[in-house]
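The chains carry the letters A, B, C and D, assigned in the order they are written, with residues numbered from 1 in each.
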Amino acid sequence: MIDILLILLSISLLYMSISNRLASYLQILVLQGLILFGTTYLTLTEVNTLNLLLIMLETLVFKAIAVPWFMNYVIKKNKITREAEPYLPNFISLLIVTLIIVFAIILASFMNNEHLDKTFFVVAISTIFTGLYLIVSRKKIITHVIGYIVIENGVMVLSLAVGNEMPMLVNLGVMLDIFASVLILGIFFNKIGDVIKDPDVDLLSNLKDN
Amino acid sequence: MIVLFLIGTILIICGLFFNKNRTVNYLLVSLYVVLLWCLGVYECFHLNQTEFTFFTADSLGLLLLLVLCIVAVPALYHGYRYLEKHNLGETPHSRGIFFGSMVLLITSCGVAYLSNHIAVTWIFVEITTLSASALIYHHRTMRALEGVWKYVFICAISITFIYVGILFLSLSMKGAGIEDMSFTSLYQNRLLLDPYWLKLSFLFIFTGFSAKFGLVPMYTAGIDAKDKAPAPAGALLSSILMNLGFVGVYRVYGIMVQTPVQEWARAIMIISGLLSIFVAAVYMTRIKNIKRMFAYSGIEHMGLVVLGLAVGGIGVYAAILHVLLHTLVKPTLFFQYNQIYWIYQSKSVNDIGDYFKYNKTGAILLLLAFFSATAMPPSGLFVSEFMIFQSLFESHHVLMLLVVVLLLTLIIWGFGSNIFKLLFTPLEKELERSRIPHISPWESLSQYVLLAFSVYLAYNPPMEMVNLINNAVRIIQ
Amino acid sequence: MISLILILLASLFFMGIVVRTKSITSGRKGPGLLQPLKDVLRLLKKGSIYSKTTSFIFRIAPTTYLASVLMAILMIPHGNTPGIISFENDFVMFAYILSFGKFMTIVAALDTGSSFEGMGASREGLYSMLVEPAFFILMGSFALFTGHTSFQSIFSLLHFGSNISYMLGAMATFVFVLIAMVENSRMPFDDPETHLELTMVHEVMILDNSGFDLGLITYTTYLKFSMYGALIANLFIGRLPLQYSIPLFFVTQFLFAVAVGLIESFRARFRMGHNPQYIFILSSVAMLLFFGILLLTGKFI
Amino acid sequence: MEKLLIEIFNLLTLAALLSFPFLNIKWRGYVTLGTISTQVIVALIVAFSVFTNGLAEYAYQGSWVTGEIPVRIDYLSAWFILLISFTFLTGAWYGFQYLKKYKDRTASLTLHAAALMMAYTSMIDICVVQNGFAMLIVWEIMAISSFITIIFEHEKKETLKAGINFLIQSHVSILFLTIAFMWVKVKTGSFDYEAITSFTRSQSALTSLGLFLFFFVGFAIKSGFVPFHTWLPLAHPVAPAHVSGIMSGVIIKIGIYGILRMLLLIKTDMTTVGYFIVTVSVITGIYGVMLAIVQHNFKTLLAYHSIENIGIIGIGIGLGCLGLGAGNNILAICGFGGALLHTLNHSLFKSLLFYCSGNIYQATHTMDIERLGGLIKKMPHTAYLFLLGALAICGLPPFNGFVSEFFIYSGLLQGITSAGHAIPTLFYLFAVIGLALIGGLALICFTKVFGIIFLGTPRDKTIEVKGPEKPLSIIPLYFSGLMILLIGVVPFLLAPYLVKTIQSYIPSLNFSGYLQLESLLENLTSIGWYSLGFIVLTAVLYGIRLLIVSGREDLEDNTWGCGYTGDASKMQYTASSFVRTYRKLAEPALLIRKEKQEATGLYPVTINQVTHPGDKLEKWLIDKPLRFVRKVLNSFAFLQNGKIQAYILYGIIFVGLAILLPTVVAKIDVLIHFLNQF
């Protein structure tokens, strides 16, 4: 069951790499949030209930509802064009994300560690790098934020892999999640949104030395 | 004590945030300074004692804490001078935020030095990001916004990297069946850890810390941050915050030594160090914005430090010494930058010059600081640089040594031609005397003291310091 | 002492012989042997005229020129009997004293601010610079040959035993003769009797000297000739006793003078632009000499 | 005793620096002058007491970074203290007058004064301290302070440019020294100079040679051996005259000191070292003077002459090494003696020449030889002093330059006569030829300089000469001039000190050696007397001449102009036309840009031709590589391009490569291994 969810997650990555509209990104975020919700529930069997609840709440409320909703709100508020405006054609993005997954699998194939379910590892790594790739390959700032959330999801998956032994780390992950997202989104909504309409990274590339 | 310190700090910060009165603000900040010094002194007498399970003042942490105590005072003082001069749009509120985040930054750095648990370090790294971003965005301008955005985003990514690294570390511990994640236990059981995960974790943690440390690959946003932050804050960002990165890398590298991973980790660090020096050389020879130039010179020094760390031998000692001295020297440049900016209202070399005519004390200080920052004898950094070269020489990296020396020479050339342009070349059109604010020589006193202190520490190091450094080095050997 | 007297004597007739040779070869009945000397005396009697632009340098230069040559002559031995001044490596001082005189004459030429004299001055400087190595190589090879480094000991120990050494002696003579030609700026390097300043070296330098100074300079030239003559003579005198050596000395001077005369009447002047390379040939010949002596002393192993 | 004096010496500077804030600019000047003068006295006392009482040695308890800091003042140090102090004395007094022109620029003057004192102090310290690390520090202090003195007129662009060039090159030199000292430190664990000796003794000759090469390059950059000379011609013209004098007089000599010191310490195959140094030096000498001749800026010209003289000194040093290598005392004596003596002589006449050039510059405000002329009428003292210096630097008797060159000549000729084999014989001959050529070229050069600047008529009527010469701008010059003449005429006064210094190289001077030394000294004496005789002879002859012509009336008239009676000043020979014939010969070795216009059309038009002398070695060794490096660096300027995506990409690439590369390499290894099996 867990594997199915995880594979679903990586499929969502593929979909993300080819989708053009911001709206669909948000939907995928929601989907990933839900998947994480499920995975958390199924994986962390040995954590005490309160902690588990906290984590699941975070995944559900924060990842699956709050953040996407906020984003949506911003997009509407700042009248950001609904296009993702990638630098590369979708086909190549698809190719690259596939390569990332393959790379993750190869990496996993090197390890000789029976304590870890390799699926977690593969999915986590591929999610993280896909998130990075999304940031690199898209123009808009908002897509950066989305990419970052994706990375967070990947980290979440990875932390779940050790969650049973060290719940403390998972909590840390949650903390990071909330903290960083709040910081970034905070700056984003309060400042950038007001200053720049249709925020576009090109407008934020004045500090340079070349 | 730590706990008291933290609580006290939190109270002070809250006070700073909500108080609108200037004198109260002064009082709170000075109170904080006292508190900080108390912590420093206290830790001197409680070396290697764990408190609150997460904090141990080992020698490295103590050393860095002490230089932090030293640098914090002039930084806060110049913060006041800064706010007074730049009083455009300064409200009690913004002042409160400014000092609040200064205090927060200092505290989180100081505590992070002392933490003996990687996760705790990580938490405080996050907090530094928060406070730094508040400082960077102190002038609510478009550029400042851009700077803070980049800084926050890159830092967020990098702390995620660190987190991933920690996860890998925990995986390797899981293999060895270790639960305790404090550095001490890690050092004890370093040989049990699974090399595969250790590799990955070191890679990710190093990459993550390189954002704070100011190394290739993640140094980029730091430059903008130091450029955009007010000079006193910039001074902190380019000294104690970089030290935070150093501590992180140092402790994590400490886990790797004597494991099969060590050689690989060395390679990673050497590559990163060389690239950093190279990048510094690229920009020092072409850049015109002096503040960014100071930032890049920081990159260069950190590159040297990590080289020394990686090569080992006397290099490790030299690396720690270099970090300490750099912490004393680099802020002087930023503090002096304040005075320069007051006179010229610009940071581009093209429209500043003949500083020697307008502010003699500052000019001479700048001259000395330049010689110090480029590690020309009799500057203090020369000693540590000499040792780093020596370690390269001893470990038969002669080719690397030559490359480094060449790059450093180029850096001195670029740095020098800008600084001397700034000091001596007359402007196209003279500044009218009325517009030049009179700057009292006492403004530069703190810088002179810092430089003198760095020279003293370098050439006639007190035995205590030497012992502390040697103890710190033992982590690596 | 003796060499000084001999050289002074020789200098009285030297130029006369040269002139006489030229006139005979050109089929004229030339002036008497003492005519050049008379010219000098006439000049010495005259009052002189100085250019407005000149300074004290210009007035003292001829004297220093004469003094330098005299000083140089004092160092020349007569075969085995040393000159008045004689010490180790005295020929170094010999060369440098001569160039001191040259320095002053060149400077004096520039002192007039004339549009011609600079030409001569620059050429003089260049040529003497080019000659210097030849002289030093020559003396160096003699030093190698004899193992001593002062005029007197060198010349007293020079002995031409084998065939090679005759050849070497001939080469040395050749080099010395040509050095003398350059130093006195005679044919084929310079034509003192041309009517065109642009093509002269030495004469154009002294355009503005007149009266006493001109006399001094002219006589100094004669002295220089006989000085080099003496050097050449020394090549052959060796340890001969005086009653042979003194006649030999005069014979050599005479032959040298005749040679100069003949060269002047049968050779055309080199092109000014080509002079340097011809002068440098001297150094190459001297190098050959050096190698020859290396062979003789068996240091090529 | 010496310890106390040296400490006083250093404290004097400190006291003067501390007193500066409380004085006005006038008094700062006086204090500087007073301090340097007293310091000179102290230094001279030290030097002479060492010469009389033998070596002085004591040590400071340094920190663990430096280790113990021994201070040893031996004859070599004393000799250099002597000449440095003398030049600084004249330099300070002359500079005091020279800088009066700038008295309104108080700030720069203060900095300059402070730097001057520090330069002097640090140089003396370099001569006495014998701990590598401490030496590096004083060395750099010296470099930095001399850099500050150079950029006195920092409002000019080229001044700053040349200054930075100087700073960078001296930093390169200190890098070489650092590596060399580090080498010894790593191997022996000590910075003490004596460690160098023990180290090189224990190592193979080749290793020691390598170590020596590092030291040599480090010091050669400072002293301006070709091809490390490029900073000199840039730095000298822009510096104030007295600084140029000091710089060319002693600062470059510090490099010579270093080389001599290392030759004392390093035990290696001296013959090879000798061959190496002589070859480099002959090239240096000839190259320097060849470029000097074609210069138009007289300070640049003098700078190139410093290079030439360094070459001569180097020949001496190399000769000495060959002597040591061959165990031939007389060679060693002549070589080192000549080198040491020429170091002193050059510091005298070169500083004299630079001070004169300073007077010229302040009177005419140009350094372009082509525009000057006839100055002897306006500033006679400067003119005759310059003539003196010129004759001395050409090595003509009866001046000191001749004495030292004679030394070297006699050594070389000794070598020719005594060398057992063809190769060394030829080598000595080659050196002799080199010296002779250098002498001849120097003659051309200085006849040109003196003749064009001081004689004839002004070539540029727009220049009005500010006279008269100030006494203070003349007296120090006469002082040096006197010394020049003294050393030329009575060199044996120096002999005892010289002999002691030389003997530190030949500790075991056997009886025959003493005899040779004696004969050499007799030679020295005789040269002195003969030079005096030459002066007397000239004087007598001139007296006679005066007696004879006294009765006659001298006419004054225009220079003979081949019938042209107008103003011929435009038709005079210029510097470039004077050296044209030479330039044609030397063209291949030089780098000269010509700007030439051809006269066209039927009617007369004004055309002009300009030549800009360049430096081929500088072009090929400095400019082109530097340009290449800049290009490479700038091609990486895209890194900080302001795009956040790029910044993150760096991270990804770093991590990705760090993970992939080793595995890929491993795989390739496996593949290769696999293929190798067939």
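Operating definition for what follows: contacts are C-beta pairs under 8 Å (C-beta built on N, C-alpha and C of every residue); 3 or more make two chains touch, one makes a residue touch a chain.
Treat the numbers as computed from the prediction; the structure is a model and nothing was measured.
Whose Cα centre is nearest the centre of all Cα atoms in view?
Per-chain C-alpha centroids ranked by distance to the global centroid put D first.
Going by average Cα coordinates, which chain is farthest removed from subunit B?
C
Identify the chain pair joined by the greatest number of C-beta pairs in contact.
Greatest count of contact pairs is found between chains C-D.
Take the average of all CA coordinates in subunit A, do the same for subunit C, and state the distance between these two points in whole angstrom.
Computed from C-alpha means, the inter-chain centre distance equals 99 Å.
Measuring from the mean C-alpha position of subunit C to the mean C-alpha position of subunit D, what distance in angstrom results?
36
Using the average of all C-alpha atoms in each chain as its centre, how far is it in Å between subunit B and subunit D?
So the centre of subunit B lies 43 Å away from the centre of subunit D.
Counting only Cα atoms for the centres, state how far subunit A is from subunit B in Å.
31
Counting only residues that touch at least 2 other chains, which ones in subunit D make the list?
Answer for subunit D, listing residues that touch two or more other chains: 637, 639-640, 644, 646, 648, 651, 659.
Find every residue in subunit B that makes contact with two or more other chains and list them.
149-150, 153, 157, 223, 283, 286 - these are the residues of subunit B that touch more than one other chain.
Would you please write down the residue numbers of subunit C that are in contact with two or more other chains?
Residue numbers touching two or more other chains: none in subunit C.
Graph shape for the chains shown, where an edge means the two chains touch. Line, ring, star, complete, or other?
other
Going by the touch definition at the top, which pairs of chains touch each other?
A-B, A-D, B-D, C-D
So in the complex, which bits of subunit A are touching subunit B?
Residues 110-113, 115-116, 128, 132, 141, 144, 148, 151-152, 155, 158-159, 161-162, 165-166, 168-169, 172-173, 175-176, 179-180, 183-184, 187, 191-192, 195, 204-207, 209.
Applying the document's contact rule, which stretches of subunit B touch subunit A when the two form their complex?
Residue positions touching the partner: 119, 122-123, 126, 129-130, 133, 137, 142-143, 145-150, 152-153, 156-157, 159-160, 163-164, 166-167, 170-171, 174-175, 179, 181, 194, 196-197, 223-224, 227-228, 283, 286-287, 289, 292.
Can you name the residues of subunit B that touch subunit D in the complex?
That would be residues 149-150, 153-154, 157-158, 161, 200, 203-204, 207, 216-218, 220-221, 223, 264, 268, 272, 278-279, 281-283, 285-286, 354, 356-357, 360, 364, 371, 376-378, 382-383, 386, 389-390, 393-394, 401, 405, 409-410, 412-413, 416-417, 420-421, 423-426, 458-461, 466 of subunit B.
Could you list, by residue number, the parts of subunit D that touch subunit A in their complex?
637-646, 648-649, 651-652, 659, 663
Residues of subunit A touching subunit D in their complex?
Contact set of subunit A toward subunit D: 107, 110, 129, 132-133, 135-138, 144, 201, 204-210.
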